[in-house]
Each structure stands twice: as C-alpha cells, then as structure tokens.
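Structure first, then comments.
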Amino acid sequence: MSLRRRGTAAVALAVAAVLSLGACGSGSAGNGEEGSAGKKDKQSVAKGGKDFADAARKTAAMGTDAKPGQWPRTITHAMGRTVIKAQPKRVVVLDVGELDNVVSLGIKPVGLAPTEGSPQLPSYLKNDAGTPKNVGTINNLNLEAIAGLKPDLILGSQLRAADSYDELSQIAPTVFSIRPGFTWKENYLLNAAALDRTAQAKAKLAEYDAQAKALGKKLGAKKPTVSMVRFMPNGVIRLYANASFIGTILKDAGIPRPKDQDINDLAAEISAENIDQADADYIFTGVYGDPKATDKSKAQGNPLWKNLKAVKDGHAFDVPDETWYLGLGVTAADAVLNDLQKYLTA
Amino acid sequence: MSGRPPGHVLLRLGRGSFLVHRRALVVVVALAVLLVAVVVASLCVGESFVSPVEVCRVLLGRPSPDRLVVGTLRLPRLVVGLLAGAAFGVAGALIQTVARNPLASPDVIGVTHGAGAATVAAMSFGVVSHNALPYLSVGGGLAATLLVYVFAWRRGLHASRFVLVGIGISVALGSLTQLFLTKGDYLVAQQAKVWLTGSLNGRGYDQAAPLALVLLLALPAALWAGRAQRSVTFDDDTATALGVRLDQVRLGLAALGVVLASVATGAAGPIDFVALVAPQIARRLTRTIQIPLLSSALTGALVVVVADLLARRLFAPIELPVGVLTAVVGAPYLMWLIVRTRSRSGGTTS
Amino acid sequence: MSAPTRRRTGWLLAAALMLLVAVLLSLAVGSRQIGPGEVFQALLHGGTSDNAQVVRSLRVPRTVIGIVVGVALALAGTLLQGVTRNPIAEPGVLGISQGASVGVVCAIAFFGVHTLAGYVWFAFAGAALAAAGVYAVASGGYRGASPVRLALAGAAMNAFLASVVSGIATTNARALDEFRFWQVGSISGRGSEIVGQVWPFLLAGLLLVAVVSRGLDALALGDDAATGLGHNVAVLRALGALGATVLTGVAVAAAGPIAFTGLAVPHIARSLVGSAHRWVLPLAALLGPVMLLVSDVIGRIVFPPSEIPVAVMTALLGVPFLIVLVRRKSVVAA
C-alpha cells in the first residue's frame, strides 16, 4: 500500500475510534439516571489487600438503628439504604451463606439460588430449610422466578449480584452484604437486622464462639498445626488460608496453621510436585465435586503424599466439602467445630 | 446466478436482473415479520405467561399488573439482545467479506478476546468501577484489533496474514484471560465466566443505548460504502483469496465491523457464533452479490432472541447464558443450508 | 544435495536437537527444585527419595504424554489445513476436539464412566462421530467435500457441540464437576497408562499421514489440478480427514482439548521449509512436541509452587513465534 492509502486507513480507524468514543459518552449519560447508587465498585471488594481486609469492618458497620419490633426500618447495606415496611415473611436468598443465616434464625425461605451444578439443599440445612423454590443459579439469577414468588425481602451480596440489584430492588426490598466468605459473621448480623432477629443471631454467634474457645482450651497449650488441603480441577491443590470460611473458624479456636497457610488470602496454590508443602500435624482434605473426579486418588497415591508426617501418623482425614469448604454461616461453622473436636481430641 | 432458489420457486417469475433484489427484499421482509413474531413471543413467554394484549398495554405505557415482569424484566434484555444480535450480524458480514474467509468473525480478528481480556483483567484486579466495564471492553476490543493491524502490516495488508495474526493475538489474549481467571478471586472468576459466554441476564437500557447509537451510525455507513463490494462469493476451490490487498474502502468496512462487534461485546459479552452464522445464513437466503447487511442484521437479531428465549425456558428455572444456545439455534440451520446448496461443478456457491 | 535441501535438512536436524533439549528440560525443571545430578540418578537408578519419586512418577509420564500429544496435534493441524486448504483450520476450529469433549461428557453423564482411562474410548468415539458428521454435511453434494463447506460445516459443528456440552454439564451436576477436571488441556496428572492405550492410534494416524503426504501437495494446487495429476481427490480428502481425526482423538484423549498447537505449528514449519508436505510434516512432528514441552516447562516455573496449565502457556509463548514467522513472508500460503 502506498503512503496515501495508509493514511486513508488511519483515517478510517480514527473514525471508528471516534464512533466508539461517542458511544461511551452517551452511555455514561444514560447511566447517571438510575441505579448509580446500585452499581458501586464491586471490584474494589473483590481483590487487593486493603479492601480485602476492610470488607469485614465495613460490613460490621452496616445494619439498622431500629429497635427490636420497630417497623418500618431502614437498613444500611452494601448498595445503599433500603426501607423494609414490615416483618418479612417471604424471603429469597441468593447464596448458601444467606440460606444458612435465615434458616438458623428459624425462617424458611421461599426461594434459593443454588450453586451451579448442585441444585439440592446442603444436607446440613435440609431439615430446617423447608422447600424453597429454585430461582436460577448463583451466577445466573432467574429474575422472573424471583418476581413470581412475590418476596418481601431479598438477601444476597454485592460481589455476587450487583448487576441485578436494580431489578431485584424493584421486585422487593433487597439487602446486600459486601461479599460472601470470611465475612460470614458480619453478614449474619446484617441479615438478622433485616429480619429483626439480631438478638437471636448474636446468641448463636456467642454460642459458636464459646464452643470454639472450649475446643481451643481442650487442645491445651501445645496445639497441633492444621493444614487445609483442597483438590481442585486441573490438578490444582489449594491450601486454604486465613481469609476463608474455614480459616476464620480455626483462628477462633486458636489452632495454628503451617506458615504458608498463615496468610491473609483465601488460599495458596501448589502443584502435585510440591505436595510436601501441605504437611502439618493434621491434614483435612476436601474434594471439589465428586471425589472420583479429582486428582485426589492420584495425589494421595503419589509417593510424596505417603511421606507426609500427618499421613504417616494417621492424621489425614477427608472431611465433608459442603460444610468445611463450601459452607458459610453459623450452622456450617458449628458442624465444622464438631468435626474438629472429633478428629483433634480423639 | 441461474440456480433455482430452493423453496422459493415463485420468485423465479421475476425478471433476471430483478431476481436478486426482489429476493433480497423478500428475505428482509420475511425475516422482519419473523422477528416481530419472536419478539412478541418472548415478551409473552416466561415464568408466567402474559397475554399479548397485556404486553401491548405495557408497551404503550398503560397501567398493567404485568408492568414489572414485562416492562422491567423482559423488555430491556430483549432490546439488548436484538441490538447485539444485529450488530454481531453486520460485523460478521463485514469482516468475512474483508477477510475473504467464511470462518472469519470478530472472534478471529481479536475483538472479542481483547474485550474479554480487558474485562476479566479489570474484574479480577479490581481497578475500575462496574460502570466502566462495557467501555473497557470496547477499548480492549479496539486495542486488540489495532494490535492485529500493526502486527499484520508489512508493506501492505494481506487478508490471510491479517486473519492468521488475528487468530494468534486472539488465542494469546484468551490464554491471558484464563490466567486472570485462575489467579484472580474465585468469586469474580465465576462471574467472569458467565460474562465470557455472553449473557443478557441483568442487561438493560444502560447497555442498549450506546449500542443503538453505534448501529444507527454504522449501518447506513456500511450500506453506503459496501454497495460495490462483493460478499464472500469465491468459488469452492479457493477458500481464501491469498494475497488480496485491502484497499481503503475494505479497511474502512473492517473498522466499522470491529467497532460494531466491540460495542456489542461490551453490552452483552462475546455472544458466540452469531457473527459467523448470521451472514452465512443471510447470504444463502438472499443470494445477492452485495454484502447482505440488512438480512445479516435481522438474522443475527433473530438468532440471539430465539436463543435467549430458549436459554430462559429450556431448563427453567435455571437460566443458561444466551451464548450457550446461539449455536443450537444457528448451527443446525446453517448445516442444513450447506447440505441443501449442492456445489455445482466449477460454479460459485452464491 | 541442493542448497534448499541442505537448508531443509538443517532445519530438521535443528528441530530434532530442540526436541532433545525440550525433553531434558521437561525432566529436569519443575515447580519443585531438583538438581540435574539428582534427576540423572533418579532416571538411571530409581530411588525412594521424594525427589526421585517426583522425577520418575510425575515428570516422566507427563513428558511422554507431551511428546505424543505434540506430534499428534501438529500433524492433525497440517493435515486439516491441507485438506480444507484453509490456513486457519485446526482440530479445534473444525469441531473434532469438541466431539471428543461431547464423548467424555456423555461418558460421565450417561454411562457412569469415571476414570481418565475410561474416557479415552469415548473421546475417540466422539471425535470420530463429529468428524463424520462434518464430512457428511460438507459432502452433501456429489463431488465430495469442498474446502469452504468443510470449514463452515466444521465451525458450525464445533459451536453446536460446545452448546451440547454446556447443556449436559449445566443440567447434570455430577457431569459438570467431573468434566471440569478433564476439560482443561493439561499433560500433568495423567498417568502413563493412557499412553499405553493411545499408541496404536498414534501409529495408525502416522500411517495415514504417510499415505496422503504426497497427495496433499497436489491438493494444494486445487481440486482440478490434483485430479489432473492422477489423484482421486475425494479419497485423498477422506483419508486426510480420517488421519486428522485419529490424531486429534489421540491428543484429546491423552491431554484434553489443547488449542493453538495444531494451528500454529504447521505455519511455523511451512515458514521454515516451504510448503512441500514431505518436509512440512516431519518438521511439524518435531516442532509440535517442542512447543508443548517448552510451554509446559515454563508453565511449571512462572508461579511456583503452583503451575499453569500447558494449554494456556502454549498460546502465550507460541503466538510471538507465529507472528514473527508469518510476517517474514510477504504472502502466506496455506
């Protein structure tokens, strides 16, 4: 191509760029009108040291200043302020954490968004959860199904469902925590505030706390280190760290972790060659999905696994994935504490 | 152009020179009618059935008990789906024509993977607000294409080098996206995966507005500039015209296609396969020599809207991302068309 | 020997040397640091130390699988590009890899197969069915499959099967969980018994490659020219497609879907030795495993102590090469 032709090409590209910039401009104008409070920085809570640690503190500051039994009440939450007119009777929960929260407060939700690929209720909640209807999946909510249930309260989290907040809040008062996960206690209190069950929730948490402390005391001054190993797809082995659900429970019980798991992150990842880095006094393994499907048998069959101290001592145990690794909430936490008690004090 | 159009015998009554145009016109009208029918259907059908009368009341702004379901939940995503489908269809037609390869689509020249990488990177590392995501995605798409352009440029731009470099950059960006997904927050990764499939869930007028604007500007421009361009009508023996030089008109058309695809990706995620299949179906239906822009747009919109209807209802209450189903709608039809249009010895496929 | 022939032979030798180096790297370098001396000891004398076990039971199998998969993908890509006369054809684009995925998903969801070794047969069956389907659609006429229709039918099949996979995986929780473990292309964690299962197919594929090798050059001149040279175009194309399918089956069964290698290696090989298939095919067969093994090795050491799957690394590392080589030629031949 000649220089002239090249110039024309450049002009064409420039026109294209201007076109798309124009699109951007008009878009941001459109965004200003509604839901600007709704679509706050959901990314800032997703990753990155300071925000990561701040999430718990920020969530703890949310809630209501209404007195018990006082309706209507205003809830401050991750997406702004929402008024709830009367005691909610038809609650839709958008994640397993919220499910645990409301069920442990004696409420049977009318709708639930399960995780992709596991449409059943978690077995540890099955007895008390009633029969909530499926409303899509966690990452792909079926808004019409939610609307069809005529809920009077929707509970979820910003990180999961910020995209749908505008629609959800038009269906029913919607209260979002910042994120699921290690902030489960703060989320619990936030949900309880929306349901006017704060006292009950605080009692449950106190009960859990006492149990955790009791376990710590029972283990004495020289507590064993505990390693949390989870086998993931693609041969990835995750060592769960402090900013995970299980990490918070171990911390509450004062149980020490191996050094590379004692970090402020969800998990550390290692490859099969480095499985000796997972060693500790006790190892609790969880399997993502079906045990047969993972590399677990392979990793455990690999000679390094047999050479681990915990394995040699008979201190490596498989534990239920749904409470230890997928669980969120006080019911799951109590179940984990029971398991820990069983294995560590046997 | 003497072959009998299958299933359209009546049309052969037209005079030769008008045959093509009349056919294209009839196809456009038929597609539009079909599209209206599907649009009405997808406003009526859902978790609860809403009668067409109520749908009309909502559309006219009258008070209706179904305003929430139809007006707030169904209509916005439908509009995004229509626009995104049309944009992908036109983009595909332009890019296939310029690249002279029926496999070429925004996917191939870096647009969708650039958009994907930018969006997922932003989501994973939390650098921007949620509002900015669509624009980042547009920027990523354009930047990736620019990169392809720069790398493919060597004393001119040749179609096949452009496509190869495009695939290379696309694959690299796709891998980068995978990397972000595995190294970023796992919750974000789950959401990013839904985005990467292309989803209309939770999409609304915020996304539709920029897309509509770009379509309004780009479609007439493409129609005007593309008048003289022949669509991909090479014969069966040459898959790619090797060494075709891209002149300024073609380059401009490609740029329009890239912008359309980028903005559509920003609005609805990289909805798979629409850009590839829509022009192919349109071309086989219309049998025009020109790029079948209008019918590509309509076909694209039709594929996306039908796919979204299926995505909402097939496994209800579980919704699938629309990108999973566009191929279910488009692929069998395209294959049927391929089987139907027998290759004539030495002739063209068009 | 003429000058071009000397140059081409030189490239072949260089590629063989590179393969040797890649194999040694793959045995010696990993996310766990083991000295070369110790690696050598472990290979020759075995041993029970952690390091020796890592070398023998983890690195050797993945290296062997890397070689098999690299050879298979590179040859499959070369064949498909020749047969469809389309420079962007590869097993992934044409739906054959996706067919294997459908096979595996069905095995999990409907047949209760849960081992990697059990998946192999389903992967093969799926790849074969997909390829047959594409071929049947493309050759709906009487002249056999034309390049354009083969490419389009393949792309359509690919997209369609991808939807089938997601459909099954979305509605069958168990299938989703298990499939995830298979789906990402990786040559780690897959035992050597898989090599034992697939080698007869690799051999069959290589045989088919040898058979069609000369015909591919004629095919490049166009169908009519090839017919004029005395080739039966339809048979040639069918055999080529069959060979590509078998080889793709081998690769996908052993390592899951790995894109890009099949696309890029033939182009890289062609840019080095020209388009004659008797040079391109052997060079591709050598460069394929080089690309895969080197990518795998780098994927092991960039984020220690964890690893990056080979499918991701191959593209990141291979793309610069592809671009540089494609730019070297003013016109790219398919």
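Note that the chains are named A, B and C in the order they appear, and that numbering of residues resets to 1 at the start of each chain.
Basically, a contact is a pair of C-beta atoms (placed from the backbone, for glycine too) under 8 Å apart; a residue touches a chain by one contact, two chains touch by 3 or more.
Only a predicted model underlies this, so the values are computations on that prediction, with no experimental measurement involved.
A count of C-beta contacts for the chain pairs A-B and A-C puts A-B on top.
On a Cα centroid basis, the chain most remote from chain B in this structure is A.
Centroid to centroid, with C-alpha atoms defining each point, chain B and chain C lie 30 Å apart. The mean-CA centres of chain A and chain B are about 35 angstrom from one another, to the nearest whole unit. Mean C-alpha positions place chain A and chain C at a centre distance of 39 Å.
For chain B, the set of residues touching two or more other chains reads 155, 182, 318, 320.
The residues of chain C that reach two or more other chains are 170, 303, 309, listed in rising order.
Residues of chain A found to touch two or more other chains are 116, 119, 236. On the chain B side of its complex with chain A, the touching residues are 46-48, 68-69, 72-74, 122-131, 134-135, 138, 142, 146, 149, 155-157, 182, 184-188, 190-191, 193-194, 199, 201-202, 204-207, 209-211, 213-214, 217-218, 245-248, 251-252, 255-256, 258-259, 262-263, 312, 316-321. Across the complex, chain A meets chain B through its residues 1, 5, 8-9, 12-13, 15-17, 19-20, 22-24, 26-28, 30-31, 35, 39-48, 51, 116, 119, 133-145, 147-148, 159-160, 162-164, 166-167, 170-171, 179-181, 236, 266. Residues of chain C touching chain A in their complex: 30-32, 48, 50, 53-54, 57-58, 114-115, 169-170, 173-174, 176-178, 180-181, 183-184, 186, 188-189, 191, 300, 303-307, 309. Every residue of chain A that touches chain C in the complex is listed here, in rising order: 116-119, 233-237, 268-274, 276-277, 288-290, 292-295, 298, 302-304, 307. Interface residues of chain C, counted against chain B in their complex, comprise 84-88, 93, 137-138, 140-143, 146-149, 151-153, 155-157, 159-160, 162-164, 166-167, 170-171, 222-224, 259-260, 263-264, 267, 303, 308-309, 311-316, 318-319, 322-323, 326-327, 330-334.
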